[in-house]
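Let me begin by presenting the structure, written as structure tokens, before commenting on it.
Chain IDs A, B, C and D follow the sequence of writing; residue 1 opens each chain.
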Amino acid sequence: MKFKVTSELSYQFNSPGTLILNIHALRTPDQTVLEELHQVEPYFKSQELVSAHAENRFIRIEIDTPSPIHIKYEALIENATAFIPASELYEVQVKDMDALVLSYLNPSRYCQSDKLYRLANNMFGYIDGAFNKVLALTDWIYYNVEYLSGSTNSQTSAYDTVTEQAGVCRDFAHLGIALCRALTIPARYFTGYSYKLSPPDFHACFEAYLGGKWIIFDATKLCPLNGLVKIATGRDAADTAIASIFGDVLFTSIQVGCEIADENFVPFQYDKADLKGLAYL
Amino acid sequence: MKFKVTSELSYQFNSPGTLILNIHALRTPDQTVLEELHQVEPYFKSQELVSAHAENRFIRIEIDTPSPIHIKYEALIENATAFIPASELYEVQVKDMDALVLSYLNPSRYCQSDKLYRLANNMFGYIDGAFNKVLALTDWIYYNVEYLSGSTNSQTSAYDTVTEQAGVCRDFAHLGIALCRALTIPARYFTGYSYKLSPPDFHACFEAYLGGKWIIFDATKLCPLNGLVKIATGRDAADTAIASIFGDVLFTSIQVGCEIADENFVPFQYDKADLKGLAYL
Amino acid sequence: MKFKVTSELSYQFNSPGTLILNIHALRTPDQTVLEELHQVEPYFKSQELVSAHAENRFIRIEIDTPSPIHIKYEALIENATAFIPASELYEVQVKDMDALVLSYLNPSRYCQSDKLYRLANNMFGYIDGAFNKVLALTDWIYYNVEYLSGSTNSQTSAYDTVTEQAGVCRDFAHLGIALCRALTIPARYFTGYSYKLSPPDFHACFEAYLGGKWIIFDATKLCPLNGLVKIATGRDAADTAIASIFGDVLFTSIQVGCEIADENFVPFQYDKADLKGLAYL
Amino acid sequence: MKFKVTSELSYQFNSPGTLILNIHALRTPDQTVLEELHQVEPYFKSQELVSAHAENRFIRIEIDTPSPIHIKYEALIENATAFIPASELYEVQVKDMDALVLSYLNPSRYCQSDKLYRLANNMFGYIDGAFNKVLALTDWIYYNVEYLSGSTNSQTSAYDTVTEQAGVCRDFAHLGIALCRALTIPARYFTGYSYKLSPPDFHACFEAYLGGKWIIFDATKLCPLNGLVKIATGRDAADTAIASIFGDVLFTSIQVGCEIADENFVPFQYDKADLKGLAYL
């Protein structure tokens, strides 16, 4: 599937500082950046960094003098997603996980799975099969957590959301991840551009490790699961912040877009009548 | 310096399960494992895993049948530490950090630096020089947090400790790390064997990134800074747990030892009269 | 019903100090203290205080010199409980509550009902009738929270327990109260002596305000609901601490007893087949 | 001193419901309500309630049909304040407090003094004299906590504020109270109308129990200490909410005013050069 994605961000730097942006589409074996435009106005020195496991790709901009700054990113992306039969999405045993996958069982800043062990097992432990467990917890979040803009902030974590039951996509993802990890299912945060997200914005959801693959889940159910362009994966939002800002800076505006550049897009959601998993490779 | 380290751990597995231990001395350019003995009784399949950045080295044991299990580790280690003149321990700018170092600015499960920004800057922001800042916050922890066995548990975090002001080495390290990150100084958790720790146990302290090097700090001031053998570094205790246990398991006993196998060991602590940093390479 | 209750507590005062005990059976219209013995050894000046709404009765002991101290309390109590038909346990409207009852809708230290509003309403809001709601939430706590001695401490609150799902009687009561208040049902903490509690100790449960009466609930289901002698009611454990200690003091021992001094005691628990509420008057 | 206070609040009730307002000036021995106007438009049944210790006086309005509602309160108040010499503001011993005063040592929803014991004693325990301790902690809050509208919400507590160091008057008061209680100084929340508050709004500050009197403190230092009209005192904001709303309700507007109706008002703040306490009787 081909996507055309755009984002524009503006800041006012009142002091020299550094801006790290995590808005570029990730390059993976199956996500190809066909065309890409990255503009910074006025000109400041920019540098691309790639994290250890090539899980995100970020741009660091060095603002050496107070200035407004405007960043524009446009890209044409082709990505492949794969449908995996439910029967192959078995629970991977701890003894069979590699070191990187194991690290996605650890609790993290916004996903305190260590505090949710009993809750997760009381609620979902009895369910047969790891894929069914993740589907069930995703549904539980969807039905119980109210999507409410402005109800949470950048410090809100899964431990809060499981009780307060309101939040935005970031909070839905953190809670899904924390519940998975508490059930000994590795899970990681996914940020991306999302087709049909309304109002348009960056989106966050999560991937769970099932049958040796990272399967995508979105407890908000706001957009088609196959309408995503991956920006980054990481332990949680701490690893994948859209923008990290150092200096005396005012955020002034944001605009995000994601269009499908192909015909015949068929929106996909999980459907118990015909169950299969979806993976971004 | 040469060290002889030992640890013995016993568990009772009431079900099949998996045990992941993080008790082996790390192999680094300057920490050499001269001899090493690793025994598991009775025999179960074991496998060594190394994390992405070679920051820890762990052993996974697959217990396929209920059983008591006894692990014994003994090693002869030679490590080098370097003294770095205080004048070289300048504050590294965000624009000069690589992707891995940048990740140690992120808040993590037990080090919620995002919540401590104002506090850290109110308390230590005015101090001149990054090395002095870290020394000052280490002293503040030492003077204000009471070392009190049993006062905290595996869920206690820096956010708790900054207020409750009691804890053990793990809590002292988490608070040190969180304060550093809130001051835009990358910091990471360090677990190791420690000479002269009383009662003998695994030890935790932290490293701050100063002048392009990871400098060691220990807010407990319980042992000489140059009497450590590194087991692992990571974001916090979530990355470097001594033991991760999967299954129905009872912990039964632990014994830890660390002796210096060299003569002429001169215990080292930071001393304002003759200031220099210490790094484990 | 007649009860013989006893408690003995010992402390070591290493400095002069004050000890406030909340271990005396409350005097209410229907709970009569037939006989009572209160001994303090060695002699220190003691004073009885009664709280504003006669909801607790406490003894303040002024230890003016370092000393061990041993307190013994024995009493013969007669109390009446009333069975109220389920049909009379209607939901009282906010417009019909007096000022004191209204105060039991407020969040308190250990019962942060303001944080549980959505959760409580998602879980129990659909249930018909206030009595059924409280029975349902009591059952939910009983089935999901593990009774685990030592799993919590004096700072643990309902907000923790709803997620961590382990605790002792105090935690079960706090969670019950917080859920009730979040459902706009006034609820208060109840401490008392309990017949058949094993091991013997002080007990905590809660009362919900239904049909204009305070109905007793115990999510631990450890003892018969009609086997209690009331010591105090209050917003939560902060108001009704068994002992409040001021000074440099070591707690050394406790012993609690509660026997029925009548024949023909018929243990009572709520039973959906024959539903009625129980009130301590 | 005479004050003219006004407040106007508007709500939209989308369902029948109940509104409890705590905006009336309290009647105390030394605060006289000379004239008072209370209007509800359209007409709904209203009832005045007074809490147990006459610490607040609230109006309950029963909205029996969906409607907008507009409340207007105007009053002419005469109150007396007393200056108490610093020498009389001694620390009251626990053995000399009555039951009501003792209850203001308990931790409460937003003032978790039990968690701040070590911190408060580390920071202020060494200071000589209870009045000086409270002045010092008030100053510490003033200098370290940033007054930042919108930085906190109705769930923010002293435990958050002590670390996050931003908030509004309510948060400043909660932290002051929690620190006092942790130092065994009874303290309570004070809501009122405040002269010279900008922008005009209800104000919150706190009283500490010194020398047998309730002395006023305001860590925001936004207004003169002698320019207040007391609405209520209580354990914290949970007891003294300006408005408690039951039903499907939208808050639409608020307007608050407080003018001095006397000449020769001399604004008063604590001044170390001429130290005396101020009490609202």
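Heads up, the rule we're going with is that contacts are C-beta pairs under 8 Å (C-beta built on N, C-alpha and C of every residue); 3 or more make two chains touch, one makes a residue touch a chain.
For reference, the UniProt names are A, B, C, D = Transglutaminase-like protein.
This one's a predicted model, so the numbers in the text were calculated from it and none came from an experiment.
Taking the definition of touch as given, a chain qualifies here only if it contacts chain A and chain C alike; none does.
Of all residue numbers used where chain C meets chain D, over half belong to both copies. The two sides are thus made of the same residues. A straight line joining the Cα centres of chain B and chain D is 46 Å long. Separation between the centroids of chain C and chain D, computed from CA atoms only, is 30 Å. Per-chain CA centroids place chain A at a distance of 44 Å from chain D. Among the residues of chain A, those in touch with two or more other chains are 115. By the definition of touch given earlier, these chain pairs are in contact: A-B, A-C, B-D, C-D. On the side of chain A, the complex with chain C involves touching residues 115-116, 118-119, 122, 144, 146, 159, 162-166. For chain A in complex with chain B, the residues that touch the partner chain are 18, 20, 49-53, 58, 60, 62, 93-95, 98-100, 102-103, 106-109, 112, 114-115, 154-155, 184, 238-239, 246.
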